[in-house]
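To start, the structure itself, in structure tokens.
Order of writing sets the chain letters: A, B, C, D, E and F. Residues in each chain are counted from 1.
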Amino acid sequence: MTATAPVPAASAAVPWEERPAGTDTVLWRSSRNPIVEPAQLPRANSIFNSAVVPFGDGYAGVFRVDDTTRAMNVHAGRSADGVEWEIDPAPISFVAADERVAEIQQEFLYAYDPRVTWLEDRYYVTWCNGYHGPTIGIAYTRDFETFRQLDNAFLPFNRNGVLFPRRVGNRYAMLSRPSDDGHTPFGDIYWSESPDLVHWGRHRHVMGTVPWSWQSTKIGAGPTPIETEEGWLLLYHGVLTSCNGFVYSLGAALLDLDEPWNVVARGRDYLLAPQAGYERVGDVPNVVFPCAALVDRELDRLTVYYGGADTVVCLAHGHLSEVLASVRR
Amino acid sequence: MTATAPVPAASAAVPWEERPAGTDTVLWRSSRNPIVEPAQLPRANSIFNSAVVPFGDGYAGVFRVDDTTRAMNVHAGRSADGVEWEIDPAPISFVAADERVAEIQQEFLYAYDPRVTWLEDRYYVTWCNGYHGPTIGIAYTRDFETFRQLDNAFLPFNRNGVLFPRRVGNRYAMLSRPSDDGHTPFGDIYWSESPDLVHWGRHRHVMGTVPWSWQSTKIGAGPTPIETEEGWLLLYHGVLTSCNGFVYSLGAALLDLDEPWNVVARGRDYLLAPQAGYERVGDVPNVVFPCAALVDRELDRLTVYYGGADTVVCLAHGHLSEVLASVRR
Amino acid sequence: MTATAPVPAASAAVPWEERPAGTDTVLWRSSRNPIVEPAQLPRANSIFNSAVVPFGDGYAGVFRVDDTTRAMNVHAGRSADGVEWEIDPAPISFVAADERVAEIQQEFLYAYDPRVTWLEDRYYVTWCNGYHGPTIGIAYTRDFETFRQLDNAFLPFNRNGVLFPRRVGNRYAMLSRPSDDGHTPFGDIYWSESPDLVHWGRHRHVMGTVPWSWQSTKIGAGPTPIETEEGWLLLYHGVLTSCNGFVYSLGAALLDLDEPWNVVARGRDYLLAPQAGYERVGDVPNVVFPCAALVDRELDRLTVYYGGADTVVCLAHGHLSEVLASVRR
Amino acid sequence: MTATAPVPAASAAVPWEERPAGTDTVLWRSSRNPIVEPAQLPRANSIFNSAVVPFGDGYAGVFRVDDTTRAMNVHAGRSADGVEWEIDPAPISFVAADERVAEIQQEFLYAYDPRVTWLEDRYYVTWCNGYHGPTIGIAYTRDFETFRQLDNAFLPFNRNGVLFPRRVGNRYAMLSRPSDDGHTPFGDIYWSESPDLVHWGRHRHVMGTVPWSWQSTKIGAGPTPIETEEGWLLLYHGVLTSCNGFVYSLGAALLDLDEPWNVVARGRDYLLAPQAGYERVGDVPNVVFPCAALVDRELDRLTVYYGGADTVVCLAHGHLSEVLASVRR
Amino acid sequence: MTATAPVPAASAAVPWEERPAGTDTVLWRSSRNPIVEPAQLPRANSIFNSAVVPFGDGYAGVFRVDDTTRAMNVHAGRSADGVEWEIDPAPISFVAADERVAEIQQEFLYAYDPRVTWLEDRYYVTWCNGYHGPTIGIAYTRDFETFRQLDNAFLPFNRNGVLFPRRVGNRYAMLSRPSDDGHTPFGDIYWSESPDLVHWGRHRHVMGTVPWSWQSTKIGAGPTPIETEEGWLLLYHGVLTSCNGFVYSLGAALLDLDEPWNVVARGRDYLLAPQAGYERVGDVPNVVFPCAALVDRELDRLTVYYGGADTVVCLAHGHLSEVLASVRR
Amino acid sequence: MTATAPVPAASAAVPWEERPAGTDTVLWRSSRNPIVEPAQLPRANSIFNSAVVPFGDGYAGVFRVDDTTRAMNVHAGRSADGVEWEIDPAPISFVAADERVAEIQQEFLYAYDPRVTWLEDRYYVTWCNGYHGPTIGIAYTRDFETFRQLDNAFLPFNRNGVLFPRRVGNRYAMLSRPSDDGHTPFGDIYWSESPDLVHWGRHRHVMGTVPWSWQSTKIGAGPTPIETEEGWLLLYHGVLTSCNGFVYSLGAALLDLDEPWNVVARGRDYLLAPQAGYERVGDVPNVVFPCAALVDRELDRLTVYYGGADTVVCLAHGHLSEVLASVRR
């Protein structure tokens, strides 16, 4: 039995639109897309690849904001309905959780692509943290005002670190994607586990790329894995290399509940690929990049937050049961 | 005298729109572009780079369809007018023309960028066929329902194989572009000939790239060469490498009637370059890629089918005489 | 005291639009953008990265025109108001200023990205001139009809050569960016000086790139430096490499008045980045590339001419005082 | 029954040395290595990668000679004992076998890495022939004085074309390695067949590379395949990429007698790797490259001719039975 | 106070030769080099980059042996004097230390570049272990016969993992070099620590490369750090990239005793660079790669085991005091 | 008539050995090679690519010495006979020739590959000087003790700057090779001229690479050009790229006396290629790199100083008349 505090119930409804007539895709786009644009924040060049969780009466989030120097940072935000957002103009200033952490905070390089997870009794943020190369930063908050930073989980070079929302086999667990220091043209998803969120081991290869597909170049975990009876539902991004660059799409897989490094099923088709204008045109054309998902199990609703073209934040909706069915198809 | 069956006369008119007022370019776009879009077919990510021929009362075609796994395949289609298309939801399933062909069919990897040619007594399809790397697949059909596959024409790595519509010097003839196994940054057009469409030889270099031009990186044959009194009219694509990727444009050349590996004339200017929205924005931005052409010699009309941005099928129109004049200019 | 002819006063007003309501950026776009499009000129594929100066009652300019062979050339143009332009259909034909210059004119390869400067008693044009690789061409004109070409300033490989509008320390002076023969992924701004505009020396490194910023890959001088009391105002382009290619933005710096190879101040934020449709979509997506600026010191107005997406010419406006303030911020 | 002229019996003994005491490797080096050195021929930079066959009372060969311009050519040579060689100072001048072949002979680029095979009634030479990139040249001779050139077998880019010494299934047959135009970092062995040595088809993949081995980068056929009861014995080179370049070693495989595109067995260990000084140090360090083999079936002897360090010709000896056993191990 | 078993005293003397007359370098080569050659072991292609420790009456070691398939493996060996070695013909077969470890042992890919450290009560071996890319394997032995494998320390991609010989701050500690999956052209030395040798964290950057030097491309820890009063003496390799490949040399640094991620001093000069024939010529030319060191503090002797040219094992000698002095120079 | 001081007559004989019996190459190696080795100088890793001139009773030289940090520097040396050398243990410390030069001396990066020329009244040294990338440094000396540094001749990136030994057309003249910042895989020889050795212009392309030859990758001027009645004799290095790296050889060309940017004749064959052990094995295998030549016109002797394998200094001899003949062959 795990004695953790219950996930704070979201009193606000999960943002939702019904499937548009004439559509039969598993996921569909919000008619309000993009829901967050850079013009909302002074000195913002772009706001994208951001994470949202239920918080209090509504929602809180951690947003990737590239400013007009093109510095990459993360900002906190709050929303009543998950669609209209107030984002802090100043980046999150991480406080060292212990004195050793201060050693790695001496020079700020960059922070990007955050994820947020309620784990036991607080919200954990993971992100791509610049320390002699990209690696996985971890911090926690209870109020989205003070964020206490732990030590980086891994050696560089790593991106797309995503925590599981509960211990597995009595260990904290994280998915991540080892990479190199650049626009890495390869990358698989790995599992690591920890007794204390500081020391990590038992690294396992979970999933690799698939030749001749939308996920042939690299893949990376997206939102916090969603626990279901069938396994952990993992939404993730996959990348294909066209002759004119990377194309980022969104797909899904099911991981074993007890040994999540074993893949139970994996969808062949992407669930969302860059086809809307705000996904095709922007700072980086042809990008759909999911970082968070909200679930209303009772109403069988799944709402995904994803970045469009490395420029804006967007929403897609679907029924959880249909997404699960698509993975097993 | 070549004793071949006559090309079946197309009873349907070649799709056509007059040159728009205020335009003086040699080719102009159809106002109905794009004429085929992925939404027409379930599970299609994109439909593009496709080939059309007169067939029965109307037209038949072989379409490149990338599905939502981003697998690449070819599908048959039919149309009364060459503009409104019914495309088969299932890919073409090639039947081995002899037992040795079955040896190369054991694993399907991919099929893309088809061309179709009426040759002697049947329609031949050539395409980029995955066999330990890309090479040129050949098949024939009489009804666009059953397609019998011959052996691959060449060793890998090759793309853009295009048959001549009749024997030349009593030999079957094909243009192709040797390449490597990737987004090849080089490529010239070569000639090969065959007594039986199975064994190929007498390979000749036909045309190379042109520095400081729209065709400076690589070139590849487009539609089936069009026989004219002045020579074989070859429409082809040329690629320029900008700092943000490849740009595919369409140009024309004239090949000697009897020794088509000798170039009679070659247009300096492109005839079509990616400038419309559906050519600039899509899965691969900035692509115009021609695969078929219909000619009405009596009315001096030429209609080109081309892919836009690796996403849709488009039409361009022009007068055959003007295209020929532009090559000689 | 330098005995040079005064800069011919522009009797026409500097093109101008007031800052749009609700905008607080230092520079803002003209509502008439793009002000020059390829359709204005027969056989033009694109018109962009062009330079404008006051001339007679209005303005004259040198325009980069890529034609439908994608050859790169420069054309002269004239305008009454700096917005509506008449561009010569034929490229500038440079006359050798002395017999030795004829040696380097034997084969024309390309000419692109011009700048124009009034210096002492005539207009000088500098551009990227193809001579066994890109280097800096120099020519002068008094009437924008006859252009006399001097010898190339430097050995290849070089781009973005920009003259100062007066001698500094009794020497002619130029900024340039040594590079290599391709889509160079590096590049800093250097100073060189000359007694005669033919022989150059005293090369100094002026500014380099800035990691994790809009100018992390390479930088290059833009318009002719603008003399102010605080120093030479240098508008320049900076390039960031995303996973889908280069992104060109516009920024500013202040160089020391007497020793301009020393940087007095440098703005951290870009002043303009590709965000309008005509900057994001075109022959090269995501490009803002400044080549000229007009100043009305009395009205505190600065108008910048820049290329959009390597396809069109655009205008941006701002107050000189605010630009200077932004550099020092 | 195939009605071909018998292979001319070699009246001279196959060059041979017994296995040195204390050695238990399958192949061992000749104590006379290198048997051919560049100093033997005026203006030779290097002589290596050469092919030898029984001829008349002794042996004849085709030698790769790079001269002091580093031009690559092939020269004929004769020897009484297969060890002491007289090499013609002038390169082989190929006569066109028919008038169409003259079309590809207009410009000589390079000829290298020859193989020689007795086939039906004459000696065939294959080599890497420069024609808009490397491809496979074919010629025949009866006297090693006049060589008549056929058309190139394949489109570029190809290397290491090796003929079978008899028809298989009534077709001439060749192994080759499709590649690209450079120091190709990949390459597998393919089968092709022909009714007339001019037109080639039925291309089949035979063998690929093996990860984490001496043959992990690319492989290419070496001497003419040796017919045995167990199958065709194929000696071939395999390449490993160290951090300081390619390392070429020699290994063996057995191909099916009737369908040689099917591999019966393949040795895991190399049989010879660059370890002698003349293999480790030279124009290209660390190269062992086999091009010919002589067999004395009665005495169970196999003698291999191979190039050392792209500089000299060497010999290795072994017992045919032991080589076959090593393949099956 | 750390209650660990004492390092077993080596009853055999540290291998030693006095400095040759006329030499004044800090380290000098053994006149018996190379002390281990591939001919000592059947089916060995090369034996190099190996680690030695005092064991019983003499020495034991773990040797990198590449066999004649060029598979990479590690073998145990024993020696009375540290110079004459008996190496096991069969590779070490690692036994899973717990059932989870069995999950990563299902497929053996490669094992190379071992280090051995006496830590508390047993010998630990670390090596580059193939698991979806190179990472750091850990195992322990007490008898050099049975080796029990722990879980890999880190996610791929990593090489040159070296344990400290005692806990530091009550944590086990390792140096390693994050890299990518190839002949990585970059690489710094990092610190990581662990409570249990399974979970690792507190990763710190220790040392990077030095431009314009023998260590300008990458560096990696060599032997187990040697505790001295002045700090931990770290011998390491540094790599320079010449136009013909990597050059590996040996240098030294001093790390803080209590916070070894802080560098106290670092030698500018290399102590050994590839200059002997067996270091310049071999499977990989120009490599000196240290993996172990023996110290006789009383006699002020330091003996280093290093690989030569990725082919043989060599010895170098020096006085510990002089090596320390050279670091501080 | 040029009023310059006469070249100081060398009272010592040019080092010389007669052509060895049995040799018929144009150049032959000294039996005393290598004449300078790193062991001659404390802390020298290698001494190579060095320049020698007659001086006083004997010879003086500027030597490239890479030390044991692998820092690159130049040292002065003196010799009675041109073969036995005393090299200063300390690098040359350049004094700024004017105050502006001090601006570029603030940080020393590297100095390598020197050339020395007697010009008018003093000795000039040119070398590859690190200033934000490699460029051409210039200094002069009269005594090989004090060296006064002028400003760098060119913008980076440049190497192999070689002065002419007299003015041509009343201008100082230099050959150089523009390149990039790395192991540049391209490079041609250019001409530049100057009124004052500070400002340079009139840049002309002199010679490029030759495909399929020893000079197919890049070329660079070697010793100071030698004036002959037939033109300027230019000895230079040419580079070929094998699959295992660059190979540097030595060749010759004749430049027009009055317009040296025009090539009169160019030898097809190399005159020296790396074939001796000290040219094949060393820090960079397979390098012959000439930097100086001594001529005794009366005795028709030419002696070339060249670096071997980037490790040692060597001599080659030949008859000037035969070298000239070889160029015209």
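Here is the rule we go by: a residue touches a chain if its C-beta (ideal position, glycine included) is under 8 Å from a C-beta of that chain, and two chains touch if they have at least 3 such contacts.
Values in this document were obtained by computation on a predicted structure and should not be read as measured data.
Path length between chain B and chain E in the chain contact graph, taken as the least number of steps between touching chains: 2. Think of it this way: of B-D, D-E or C-F, only one pair shares over half of the A-C contact pairs by residue number, and it is D-E.
Judged by shared residue numbers over all numbers used at their interface, chain B and chain C contact each other through mostly different positions, with under half in common. Averaging Cα atoms per chain gives one point for each, and the point farthest from that of chain C is the centre of D. Chain centres here are Cα means. That of chain A falls 56 Å from that of chain D.
Remark: chain C and chain D have CA centroids separated by 59 Å (rounded to whole angstrom).
Centres computed as Cα averages put chain A at a distance of 40 Å from chain E. Touching two or more other chains at once are residues 244-245, 281, 285-286 of chain A.
Chain pairs that touch, as defined above: A-B, A-C, A-E, B-C, B-D, C-F, D-E, D-F, E-F. Against chain F, the residues of chain D that register as touching in their complex are 42-43, 45, 67-72, 109-110, 130, 183, 244-246, 281-286, 310. Note for the complex: chain E touches chain A at residues 100, 103-104, 131-133, 135, 151-158, 176, 178, 180-181, 186, 188, 190, 192-196, 198-205, 208. Put simply, chain F touches chain D in their complex at residues 24, 212-214, 216, 240-245, 247, 249, 268-270, 273, 277, 280-281, 285-286.
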